[in-house]
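What follows is a set of structures for review.
In what comes next, chain A is part of two complexes: it sits with chain B in the first one and with chain C in the second one.
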Partner chain A sequence: MNLRAETGTFLRTVWGRAYPRVIGMQREKSWMLFDVFLPLLQVAAYVYIYRAIGAPPEFTGFVVLGGAMTAYWMNILWNMASQLYWEKDMGNLELFIIAPTSRMAILLGMAVGGIFATTIRAMGVLVAGILVFRVPMAPTSVPALIGVFLLTLVALYGLGMLMASLFLLWGRQAWHIANLFQEPVFLVSGFYFPVRALGFLVALGASIVPITLGLDAMRQLLYPQMMEGFRFLSVGVELGMLAVLGAVFLFLAHRALRFFEALARREGRLTLRGQ
Partner chain B sequence: MGTREFSIETQDLSRVFRVKRREARGQKREIVALDRASLAVERGELFGVLGPNGAGKTTLIKILATLLSPTTGTARVAGVDVVENPWEVRRHIGMVSGGESSGYGLLTVEENLWMFSQFYGISSGEAKKRIKELLEVVGLADRAKTKIYHLSTGMRQKMNFARGFLTEPEVLFLDEPTIGLDVQTARTLRSYIREWIDQHPDRTLLLTTHCMYEADDLCDRVAIIDQGRVLACDTPAALKRSLQGEAVFRLKVDGDRDLGPLFDGTGGVERFTHAARDGHTEIDLILADENALVPVLTAIQGTGARLLSLEKREPTLEDVFIRLVGRSLTQANGGGDEPPR
Partner chain C sequence: MTARVRGGESWRSLRVAAWLGWQIESNWTDPFLFAVYSVVKPVAGALILVFMYLVVARGGLENHLFPYIFVGNAFYIYVGAVLMGISWVVIDDREHYGMLKYMYAAPLNIYTYLLGRGAAQTAIATVATTITLLFGVGVLGIQIPPGQVDWGLLAGALVLGLAALAFMGLLLGGATLLTARHNYFIGQGVAGALYLLSGVVFPLDVLPAPLQAVGKGLPVTYWLEALRRSVLGDGGNEALRSLSTGTVVLILALSTVVLAVASVLFFRWAERIAHRRGLLDMQTMH
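After this line comes the complex of A and B, so read on.
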């Protein structure tokens, strides 16, 4: 197959696999309740705690932004990392594997579809949060804010693709591992408070999850004065780290996918369902 | 790249699974799913692999489709080694497994098929044209816009059947494609399979089945497989001819009787099976020749059983299987596997 045909198949695969997620949003409206209203209740709890102790209004902004970003981390755990396990259970994995296309394209399709669907949910939480809690927003640079956000997504979904390849080998354990990573990451990544509050070393360790850096940088760009005393690293350093993480995760995902696919084929795990 | 004389070629192909033993923690036992299987399928052939459940048919297909590595032996598909170069093999193959539940419930039938076509780089326009044609073939045209979670199991299987042909693969693996389908639908799909291979002499189709009628009706050649081993491989006619020197009879006697010990001691009985059905016992006998029938009937009479019917039959693949394995396909499948009409 020549390069042009390969590229064409790659792009078609990305769009083909993204399609179910894009179209699924329009066909199952229950996400508005489960993915916007319910997370907003969680956000409300933190907002009222901050208000009760008389914290500045910017803290409401920290929480709403973090609440919106939880949608992405949930998407990474349940619809990226463990997705190949679901695909195996549904009978799709075998068809993905035997298709003459790049596995990375399939994962990228999952990621693109996931980003689209999750962004709508996250926007729902963000907009509702801003309106309900009258959150002040004064970004110093909108392009920088968008840049940080996009780079965070690249690194985050790179991590998701890497985790998906690891989960290719694991069966039912995937469920437990995804559970294990959910709440602790909400805590150590500072979804509801500036991560620096946990101490520099903890924040540094938590930076392996790109949302930690992304959230901190976005908060700095939205509330520069308030973040003076809470910032973890400078926005420039965090941007650089996000770029490195994105590149490393994508590279490792590519390598791990090949390695674990071969290993799973040897051990017969690609075809065993419900294990 | 290897020779391309055969579309599929296996040499001493084995697969051993190591599974945990419940009774002994930490220990594993070995299950031989495929045992030194050697096959050669020519381009343009519709090749059948006939065997009971658990015979190793699916394991064979999974290895050929690059989903499973063999423990030992070699396999080549379209001239390419499946272990050394699985990526290249995948450019040439397609696969449909009977009873599979692939696809996304929120998508319609045509959307699901379109999605899979994209993984093969087929343009949307071409894919939609082929999807329309194939849905007509499998009788799902009126369900094209139905979300697949509204489909019955049989309809979903038809959709997956269409998916297999959508990409027009050079080598297509059909793993029990008609399992669980109603008689009419199974017949329609069988006709299409035969028609497709006749219209595409450069393609190869490997079909596994535990239904001897399907293998006999469809396949150019059949390999009979049991407990991972290939026991025989030839055209259905040649396989049946191998029993021509012998006499094949079906008897029915009243009551539910265990006549096994009786036949074990009767001269001239090469193989037999017996099964209780609706208050009588049905016995299939392969005798060395017709003269062996008299002592058999005398022995039955001696038990007090009443002979209800006696029929001399032309040998079928079922008889070939009985001759090779010592039990019928139906028994090997756990019973209840009626041949389709």
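After this line comes the complex of A and C, so read on.
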């Protein structure tokens, strides 16, 4: 196949896999309502905790921003990392394998669709949180804020693609491992409080999850005064680290997909269902 | 069928379902990883609250609100586990394993079968709650002197509350029988609403008046109030301070009875509808 045809197939695959998430997931309107409403319940509870202990109003902003970003982490766990497990369970994985296209394109399509669908939900949580709890927000630099956000997403979905490859080998473990990565990551990445509170070394270790860096940078840009005492790294350094993480994760995802697919073929795990 | 045969069938269903639930929950990995998995999640959840508190309190854990938050959060582990543990079985057996139709074809009591499946989750939640509380006492220095704990109240409130949660789980199970792709949201929504409205991690008094009124109508509010009074000696909610402990337990007991009746009636109704509409073997590929 020549390069043009290959590129065409790649792009069609990306769109084909993104389609159910870009279009399909929006068809059931109640899902979107629940996807916004459920994180809001958690956000509201944490906002009231901060109010009960007399925290400054900026902490409400920390929680609302963290709550909105949980949508992305949940999407990574359940719709990226675990996706190939779901596909295996539904009998689609073998179709993916025999399809005359790149598996990376399939992963990329999952990521593109996931970013789109999740952004709608995360924005819903953010806007509702800002309106309901009257969150003060005054970004020092909107372009920097957008840049941090986009780089966070690239690195995060790169990690998601890598995790999808690793999860290829698993059966029911995939479900449990994804479940295990919820609260502990909410904790070490500082979804609901500045990550610096955990200490520099823990925050550094947690930076393997790009949201750790992204949240810290976004909070610095939104609440510079409040974050003076809680800053983990400077925004510039965090942007650089996010860019490196994005490139590394995408490269590793490509390598891991090949390796784990070959391993799963050898061990007969690609078609093992109902585990 | 005689009452004795029916009773035997119900007991067998409960026992076998509990064993099956335990196998499904635990046999996906080795015991060590399973133990880590069972403990890490709840402890991490508790630590989120600890650090939220520490960031604002700048290191001090002496405030009376801290034990309130910690104990409430520890016992809330049961809410998610029991509610979701029971209601999720319907979707798991119907769509994942495709076994629900066989359950209805077999000589078992589906009601006690669902309770049995939830029992495994309850056992895991008991371990997680205990470890979280021990962590709070041992590491964070929360004062719960065993000599001052009202063990009778603790045991009574725990049993009543777990029964109430199990019946709520059956209500959700009934709703799950009739829904295709909303079961996860329904369970999470109810658990999330209870987290917000039942004074789990902050006193009811902090909520706006209308939400406070809703909270006062929920059994979980009285369950947590009774548990805190038994463990900490004080429920911590100004809004419930005028109620004696006996009244709190009575309200919990009455609401448990109401939930029991409502769950049986609703589940039977849902079953009838599901039979009629052919929903027992529905496959939504979800």
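Simple rule for what comes next: the second predicted complex is superposed on the first by the 272 of 275 C-alpha atoms of A that agree within 3 Å, B and C clash if a C-alpha of one lies under 4 Å from a C-alpha of the other, contacts with A are read in each partner's own complex, and residues count from 1 in each chain.
Here is the rule we go by: contacts are C-beta pairs under 8 Å (C-beta built on N, C-alpha and C of every residue); 3 or more make two chains touch, one makes a residue touch a chain.
Because the structure is a prediction, the values reported are computed rather than measured.
Trainee: Following the superposition defined at the top, how do chain B and chain C come out on chain A, clash or fit?
Mentor: On the shared chain A, the partners fit.
Trainee: Which chain, chain B or chain C, is in touch with more residues of chain A?
Mentor: Counted on chain A, the partner with more touching residues turns out to be C.
Trainee: Name the contact category of A:M69: first (chain B only), second (chain C only), both, or neither.
Mentor: neither
Trainee: In the overlaid three-chain picture, which partner chain does A:P194 touch, first (chain B) or second (chain C), both, or neither?
Mentor: After superposing on A, A:P194 lies in contact with chain C but is clear of chain B.
Trainee: When the two structures are overlaid on chain A, which partner does A:M90 contact: first (chain B), second (chain C), both, or neither?
Mentor: Touch status of A:M90: both partners.
Trainee: One more residue to check, A:P100. First (chain B), second (chain C), both or neither?
Mentor: In the superposition, A:P100 touches chain B alone.
Trainee: Applying the touch criterion given at the start, work out whether A:E28 contacts chain B, chain C, both or neither, answering first, second, both or neither.
Mentor: Touch status of A:E28: both partners.
Trainee: Quick one: is A:A81 in contact with chain B, with chain C, with both, or with neither? Answer first, second, both or neither.
Mentor: After superposing on A, A:A81 lies clear of both chain B and chain C.
Trainee: In Å, how small is the closest CA gap from chain B to chain C once the two complexes are overlaid?
Mentor: It is 6 Å, taken between the nearest C-alpha atoms.
Trainee: Do chain B and chain C touch any of the same residues on chain A, and if so, which?
Mentor: 28, 90
Trainee: Which positions of chain A touch chain C when the two form their complex?
Mentor: Interface residues on chain A, with respect to chain C: 28, 30-31, 34, 37-38, 41-42, 44-46, 48-55, 59, 89-90, 171-173, 176, 179-180, 182-184, 186-187, 191-194, 197-198, 230, 274-275.
Trainee: Which residues of chain C touch chain A once you look at their complex with the stated criterion?
Mentor: 28-29, 37, 40-42, 44-45, 47-49, 51-57, 63, 65, 69, 96-97, 181-182, 185, 188-189, 192-193, 195-196, 200-203, 206-207, 285
Trainee: Would you pull the chain B residues touching chain A in the complex into a rising list?
Mentor: Residues of chain B touching chain A: 15, 17, 62, 65-69, 86-87, 90-91, 93-95, 97, 100-104, 106-107, 111, 114-122, 147, 163.
Trainee: Where on chain A does chain B make contact in their complex?
Mentor: Per the stated touch rule, the residues are 1, 5, 8-9, 12-13, 15-17, 19-20, 23-24, 27-28, 90-92, 94-101, 106, 265-266, 268, 270-271.
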